[in-house]
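In the two complexes that follow, subunit A is the common piece, with subunit B as its partner first and subunit C second.
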Partner chain A sequence: MSEQFKEALDGITRVKGVRGAIMVTDDDGLIIADAVMEGVRSDAVAALAASLSARMARATVGAGVGEQHFLHLQAENCTLLTMPAPNGVLIVVLAEKDVNVGLVRLEMLRAVEVVE
Partner chain B sequence: MKRVRAVEPWIEDPLVRFVTEAGARLTLIMTPAGQVLAQHGFTRAVDVMAAAALGAAIVSSTREIATTIGEGAFKALNHQGIHHGIFLAEMSTPRGPLLALVVYGSESSVGLVQLFYEDLVQELVAACPGEEPARPVIAADFERDLHKSLASLFGR
Partner chain C sequence: MTAELASNPDSLVFLELGEALRRRGQLYVAAKAAVAGLERHPELADSHDLYARILVDMGHLQQAYDEWQATVELDSRHRGAHKGLGFLCYRWGDLDGALEHLELAVAADPMDQSVVQALRMVRDAATEVAEVEEDPRRSVFQGLDGDGHGLLLFDTRGRVLGGGISNQLGEDVSEDVAAYVSGGCQEADRSSRILEMGDWRWMVVEGTGGSMHIARSESDTLLLVARDGSVPSGRLAVLADRAAEVAREWLEAQQP
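Take a look at the complex of A and B:
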């Protein structure tokens, strides 16, 4: 199973501009599998992204707009993308600010299918 | 109201940063014998003493299990409950080993606690003034130190 996860993450990291892709447990913020560039602190990204996603999930439900399907955070120097998957898994991607988000999202959806 | 209280002042700033960033509900920094050096979130002395004694006992027990199975020591221990998690870890400082007991709720996670715990250890090691020279234990000093510690931990 972990090989399948790794392959799914490799599919995401093949997109130009992606610095790393991580599968995280959404409640704990712990890493299930990761494929990141050297210098990326995957444990930090995993923990903080899971926390952010959990807070956003509470906010969207609280605002009455339903559950979140995709989170896109555009920062000054990078892009953070998260997508909830079944079984309490969260797909997290860290990328350059000018990454093709549509293409990354497609690969993240493929990774979600692997988790299913 | 001041929520972090420390017997050893050098612990206070790193601990304030840790509880703020990790979202910890309760935190204890103590010696492996269960002597509390700093606390966050506790309101009753009896709760602090009980948590410190139990935390120290858990670390002691797991160290023995680690020795039995040929491990040097366990780095950290996490108990995951439905509403709360308990993170317990041992760190090395110039003052000797210290224990951290952290209780966190659903607004935090073990990942966040682990992440900021690493920063806490680095900051405590940097701030630690070094080993204190051993003093003879005198009954009057013991009593005075005990009251001083309780006053520091609960602001009395």
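Take a look at the complex of A and C:
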């Protein structure tokens, strides 16, 4: 199973500009599988992304836009994307600021299917 | 009518003549007939009413107002005068005055549809003004798409500054959303700092029923735009840019 996860994450990292893709537990941000470039602190990315996603999930429901299924944080130098998958899994992607978000999103959806 | 008036200068036919001339656009001649009639019948409410209508057509609104005031002093239930005063009050932005006079005009003749419609229009305008005055938060984004239910301005500590957000039941959830989202934004600050991403600019969160676009604006304020799923994220970003511009101007205007 972990091989399948790894393959799914590799699919994400093949998109130009992606620095790393991680599968984490959505409640405590522990890493299930990862595929990151050298220098990327996957444990920090995993923990912070899971925490951010959990915080924003409450706001999303509160604002009446339903259950969160995609988050895109755009910073000066980087893009952080998260997508919840079944069974308490969260797909996290760290990428360059000008990455093609549409392509990354497609690959993230494929990764979600693998988790299912 | 002119011949009849010439043979009997005290005749009330000047009322019909003046109105006919006014309708034909012969305002100067109409005014002359009305003034002549007024001189002979200063206690007749209809003569003041006729002259007021001609004055309005001539653009002399203040004089028309005075003439209609004279009319209602002579006949407090004069429908035409209250209708005219209601029109002038509305035109001058005095909605309370307009309502008062139009209600009196309707009371005098409930079958006059033009007055009933005018009253409805003024009531709607008065309700709109009252809502904005009661909830000054709404005035920030007034006129923008989503004003009052899909645009929220708040500070980084979760305090609402303007706008409002409603949930799917139409309930105002501005305070809750500001609190949750500001907490999320603090988390975004922390993440971008620790991961050396640079300052974060905006965040989009898509849900099963819609999307939220959160932008960090100047002076530690956050702008949230929420829409249902029919609005694509690119369009959401355009709406957010527009709202950010309005919010910036509003914040500048709040500076002492």
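FYI, the second predicted complex is superposed on the first by the 116 of 116 C-alpha atoms of A that agree within 3 Å, B and C clash if a C-alpha of one lies under 4 Å from a C-alpha of the other, contacts with A are read in each partner's own complex, and residues count from 1 in each chain.
Basically, a residue touches a chain if its C-beta (ideal position, glycine included) is under 8 Å from a C-beta of that chain, and two chains touch if they have at least 3 such contacts.
Please read all numbers here as calculations on a predicted model, not as lab measurements.
Undergrad: With both structures lined up on subunit A, is it a clash or a fit for subunit B and subunit C?
TA: On the superposed model, which is not a single observed complex, subunit B and subunit C fit side by side.
Undergrad: Can you report the vertex angle at subunit A, computed from the C-alpha centres of the three chains with subunit B and subunit C as the arms, to the nearest 10 degrees?
TA: Once the two structures are overlaid, it is 100 degrees.
Undergrad: Applying the document's definition of touching, compare subunit B and subunit C: which contacts more of subunit A?
TA: Of subunit B and subunit C, more residues of subunit A lie in contact with C.
Undergrad: Looking at the overlay, does A:94 come into contact with subunit B only (first), subunit C only (second), both, or neither?
TA: The second partner, subunit C, only.
Undergrad: So, does A:52 touch the first partner subunit B, the second partner subunit C, both, or neither?
TA: second
Undergrad: Have a look at where A:14 lands relative to subunit B and subunit C in the superposition and call it first, second, both or neither.
TA: Neither subunit B nor subunit C is touched by A:14.
Undergrad: A:73 contacts which: subunit B (first), subunit C (second), both, neither?
TA: second
Undergrad: A:62 in the overlay: touching subunit B, subunit C, both, or neither? Say first, second, both or neither.
TA: second
Undergrad: With the superposition applied, I'd like the minimum CA-CA separation between subunit B and subunit C in Å.
TA: So the smallest C-alpha to C-alpha spacing between these two chains is 8 Å.
Undergrad: Would you tell me the residues on subunit A in contact with subunit B in one complex that are also in contact with subunit C in the other?
TA: Dual-contact residues (subunit A): 44, 48, 51.
Undergrad: Would you pull the subunit A residues touching subunit B in the complex into a rising list?
TA: These residues of subunit A touch subunit B: 24-25, 27-30, 43-44, 46-48, 50-51, 54.
Undergrad: Under the stated contact criterion, what part of subunit C meets subunit A in this complex?
TA: 165-169, 173, 176-177, 180-181, 183-184, 187-188, 190-192, 194-212, 224, 226, 228
Undergrad: Which residues, counting only subunit A, touch subunit C once they are in their complex?
TA: 41, 44-45, 48-49, 51-52, 55-56, 58-78, 80, 94
Undergrad: Give the list of subunit B residues in touch with subunit A in this complex.
TA: The contact residues of subunit B facing subunit A are 80, 108-112, 114-115.
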